[in-house]
Amino acid sequence: MDKAILEVHNLSRSFGALRACDEVSLTLKAGEIHALIGPNGAGKSTLIKMLAGEIEPDSGDILLDGKSLRGVPAHKRVHQGLARTFQVSSIIPEYSARQNLFLALMGASGSPLGFFTRTSTDTALTKPAAALLDEFDLSMRADIPAANISHGERRQLEVALAVALQPRVLLMDEPMAGMGTDGTAALTSRLQELKQRVPILLVEHDMEAVFALADTLSVLVYGQIIASGTAAEIRSSRAVRDAYLGHGKS
Amino acid sequence: MTLALFLEQLLNGLQFGVMLFLMAAGLTLVFGVMGLINLAHGSLYMVGAFACAAVATATGSFWLGLIASLVAAAIAGVVVEMTVLRRLYARNHLDQVLATFALILVFSEGTRWLFGSFPLYLTIPPILSGSISLPGDVEYPAYRLAIILVGLAVAAGLFWLISATRLGVRIRAGESDREMIGALGVDIGKLYTLVFALGAALAGLAGALVGAIQSVQVGMGEPVLILAFVVIVIGGIGSIKGALIGAVLVGLTDTLGRTLLPSLFGLFLEPASASSTGSALASMSIYVLMAAVLFFRPGGLFGELSR
Amino acid sequence: MRRETLFNFTLAGGLLGLAIVAWFVDEPFVITLLTKVFIFAIAGTGLNLALGNGGLVSLGHAAFFGIGGYAMAILASHAQSFEPMVIGPLTFDGTKSMPVIWLVAILASAFAALLIGLLSLRTSGVYFIMITLAFAQMIYYFAISWPAYGGEDGISIYVRNNFPGLNTLDPIQFFGLIALLLVIVLWLSSTLVRSRFGVALDATRQNAQRVTSVGLSPFTIRLIAFVISGAITGLAGALYADLNRFVSPSMLSWQVSGEIMVFVILGGVARLFGPLAGAALFIGMEHYLGGISEFWQFWLGLLLLIVVLWGRGGLLGVVAGERRHG
C-alpha cells in the first residue's frame, strides 16, 4: 500500500513573470487516489501538463517507479505507464467509441504500424475493445460517432481510453466536469474500483466527490502546495481555510 | 571580384529584398489579421504591372501608370475580398488554398484574354533612366536606387501605420483577438476589406516597379509569391518586422549567392563545371536558408510560435 | 449497395469501357487521354493519403511527381545513349525496364518526401502549406539550372520503356498496364485506410493531442504517411514521363502541385475514387472546354470556386452525400 509509484520533486515552471508552479513536490502510492485541489489558476493544469510531458518544467524532477521522466516526450511517457484524461473530453470525434478504443489499444501496443490487416477484423484489437466497452457500459452505443454520444458517455469513454493503456499511474484532469449528479455518483464508484488497479492523481473541483474518493489531498494555491494530508487534516487546516476564504496566501 | 562589383550586387540584393517586402507585407498582414492564406496575392502583383503598362502606354506617363497600378490592384483586391475571400475566413486552409488557386486561374486567364500572351514592356521614366555615382566607385542605375528608397519608405510608413495610428491599433487588436475587436464595436468587415486593399495596393506597386526592369506578362506573380512565402516562413507569420528582415535576407542571399557561389567553386573546379554547379546551388540557396531557419526556429525569426 | 460504391463501379467501368470502345474503333488518342486520366488518378491517390486522410495540405507534391519523372528520364537516357552513369567511384548502366524504373522512382521520391517531411512536419497549418510549396520550387529551380539533364529544355526519350511480355508502344497495352497499376494503388490505399496505420493517421488529423495521449507520435505517423504519399505520386510521375516520353522542369512546377490537388478536391477529399473522378473531370474539361475556348482554365477556375464555396465534398460528395468514415 505504501510504495511510492509517482514522485514529484520540486517541480517549477514560470510563464513570463507568472510562477504557475513553484517547487511542487508530492507522491502517489499504490492503491490510492491523491487529489489535487485549489482555486482556479492555482497551477493544477500546468502541473498535469508537466507530468504528462506536454510542457517542460524549468526545474525539478518527476520519477515514475524511481525512473526520471526528464526529457521523455509525451507519447513515450505513456509507454512507461503514465496515462491521462482531459478536462474537456478529448476523443476522436468522427470515430465510434469502439474505434477510439482501437486507437488506444494500438497505443498500448506501442506502434501505429500495421498496414494490411483491417482493424475491424484484428482480434488483437476487437476482443479487448469489446471487453472495455462492456466494462464501461458503452456496448449499446459502441458504433455511432463519438461526437454523437452523450456527455456522460464521453466521460466514460475518456476513462476507458486511459484504462486501455494499462497504465501504472492515471492522471485525471477534472473527470466530473459538466456531469450531473447521477453521472458523478456513477463515476465516483467507478474510480473507487479503479484505484485498486491503478493509483490516480485526481484534479477535481467537485469537493463532495473529492472528499469521498481521496486518500490523500494536496492543496495548490498560487503554484505552491500549502497543505497535504488526509481529508480530515485538510478540512481542519487553517492555511487551507485562509486560502479558500480569501485571506490571501499565508 | 572587385569591391565595386560587390557593392553593386549588394545593392541589387537590397533592391530585390525590398521588392519582396512589398509582397510579403501584404501577405503577412492578411494572414495575421484575417487568418487567410492567399495564393492569389501574386495575381494582384500582376494586375498592378499590367495596369501600369497599359496606362503608361496610353498616356505616355510612367507616373500615371504607377498610380493606376495602386488603384487597379486595390480595386481588384476589394472586389475579390468582398465577393470571394470573406466567405473563406472561417474556412480551413485547404478551402482557402483551393479558392485562391482558382482565383489565380481566373486572373491569369482573364488577363491573357484581355492583353494576349505577349509580354508588355514598360519604359523607365527619363528622370530615373541614368545612373548615379555612389561612394566606392559604384555607378548604380538611378531607377533601382529609387526602388530601394520607395521600398524603405513604404516599410517606414507601414511601421508608423501599425504603431501610431488608430487603424494600426485595430490591426494589432485583430491579430491578437478577432472576437475582441468585434465586441469593441469596430466594423470587422470594413477593417478586413481595408487591410486587404492595402496589401493588394502594395503588391500592385511592387508589380509596377518591377515591370519596368523585367517584362510584364501573365504568370509573373507566382514565382514572386512563392519567394514571399519563403520570406514569411523565415520572418514569422504576421510580423511586419519579420517580413522586412526576411525579405532583405532572401534578397541578399539570392543575389550574392548567384555571383559568389560560381566564383567560389571556381577556386577548385574547372570554369565550366564551376559555373554550372555554382548556379545550380545558388538557385537553391534561399531554400537552404529557409530550411536552416526552420530547423532552429520552426516559427520563424519573429513568429509567435517561436519562443 | 451504397451509392458511393455504385458510383465507383460505374465510373471505373465506364472509363474502362470507353477505352475498349476506343480500341475497337481505333481511336488511339482517346486511349492516350484515358491513360493520362489513370496516371493523374494515381498521383491524386498519393496526395489524397496525405491530404484527405492525414489532413496534411501539401502544396508541393509536384516535387515527387517530377522526381519520379526524372528518375525515369535519367535511367532511360543513359540506356539510350549507352553511357553509364557515374556517381563518385560507382558506375551504373541506365535501364529501359519499367519495373526497375518504377522501383527507383518510388525510392527516390520516398527519400525526397522523407527529407522534406522531416523539416516541414515540424510545423503545421499555413506554414506547412508554404514550406511544401517552397521546397518543390527549390527542386524546380534546381532542375532548371542543372545542365547535365537538359536544364530548362528537359530530356526526350525516343522509345517507350519495356515491360516483360508487353508491347508498351501499343496504346491499349500501355493503358492496360497503367489500369492494373491504378487498381493495385487503389487496393493498397483502401487497405491502408482501414488498417491500424490508417486508423492512427485519420485520428491524427482529427485530434493529434489524443493520439499523443495514447502513446503514439503524431509526427512519426504523419511522416510515414507523407513518405508513402510521396512515393505513390512519384510512381505516377515516372508513368507520366513514360506516357509523354519526355520530362522537363514543368513537371515540377507549382501549377502541377495545384492541379494534383484539384483532382483530389474536384472528385472528393478522402474518398477512394475521388482522385479518379476528379482527374476524369479535369481531363474531360481540358479536352472539351479547351476545344471551345482557348481560355478554358478561366472557366475551370470559376467552376473550382463554385465547388469550394458552395459544393463542398466534390463530385463524389454530390453523388454520394456526406462523407462516411470507418
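Letters A, B and C mark the chains as written, and numbering starts fresh at 1 in each.
As a convention for this text, a residue touches a chain if its C-beta (ideal position, glycine included) is under 8 Å from a C-beta of that chain, and two chains touch if they have at least 3 such contacts.
Remember, predicted model here, so these are calculated numbers, not experimental data.
Of all chains in the assembly, none touches chain A and also chain C.
The chain with its Cα centre farthest from the Cα centre of chain B is A.
With centres computed from CA atoms alone, C is the chain lying nearest the middle of all the protein shown. Put simply, the C-alpha centre of chain A and that of chain C have 44 angstrom between them.
Measuring from the averaged C-alpha position of chain B to that of chain C gives a distance of 31 Å. The distance from the centre of chain A to the centre of chain B, with each centre set as the mean of the Cα atoms, comes to 49 Å.
Residue ranges of chain B in contact with chain C, taken from their complex: 31, 37, 84, 87-88, 93-95, 97-99, 101-106, 108-110, 112-113, 222-223, 226, 229-230, 232-233, 237, 276, 279-280, 282-284, 287, 290-291, 294-295, 298-300, 305. Contact residues on chain A toward chain C in their complex (touch as defined above): 52, 54, 73-76, 78-79, 83-84, 86, 90-96, 99, 102-104, 106-108, 110-120, 122, 125, 145, 161, 164-165.
On the side of chain C, the complex with chain A involves touching residues 191-192, 194-203, 206-207, 209-217, 220-221, 224, 325-326. Interface residues of chain C facing chain B in the complex, by the touch rule stated above, are 51, 57, 59, 119-120, 122-123, 125-127, 129-131, 133-135, 137-138, 141-142, 144-148, 254, 258, 261-262, 265, 269, 295-298, 300-302, 304-305, 307-309, 312.
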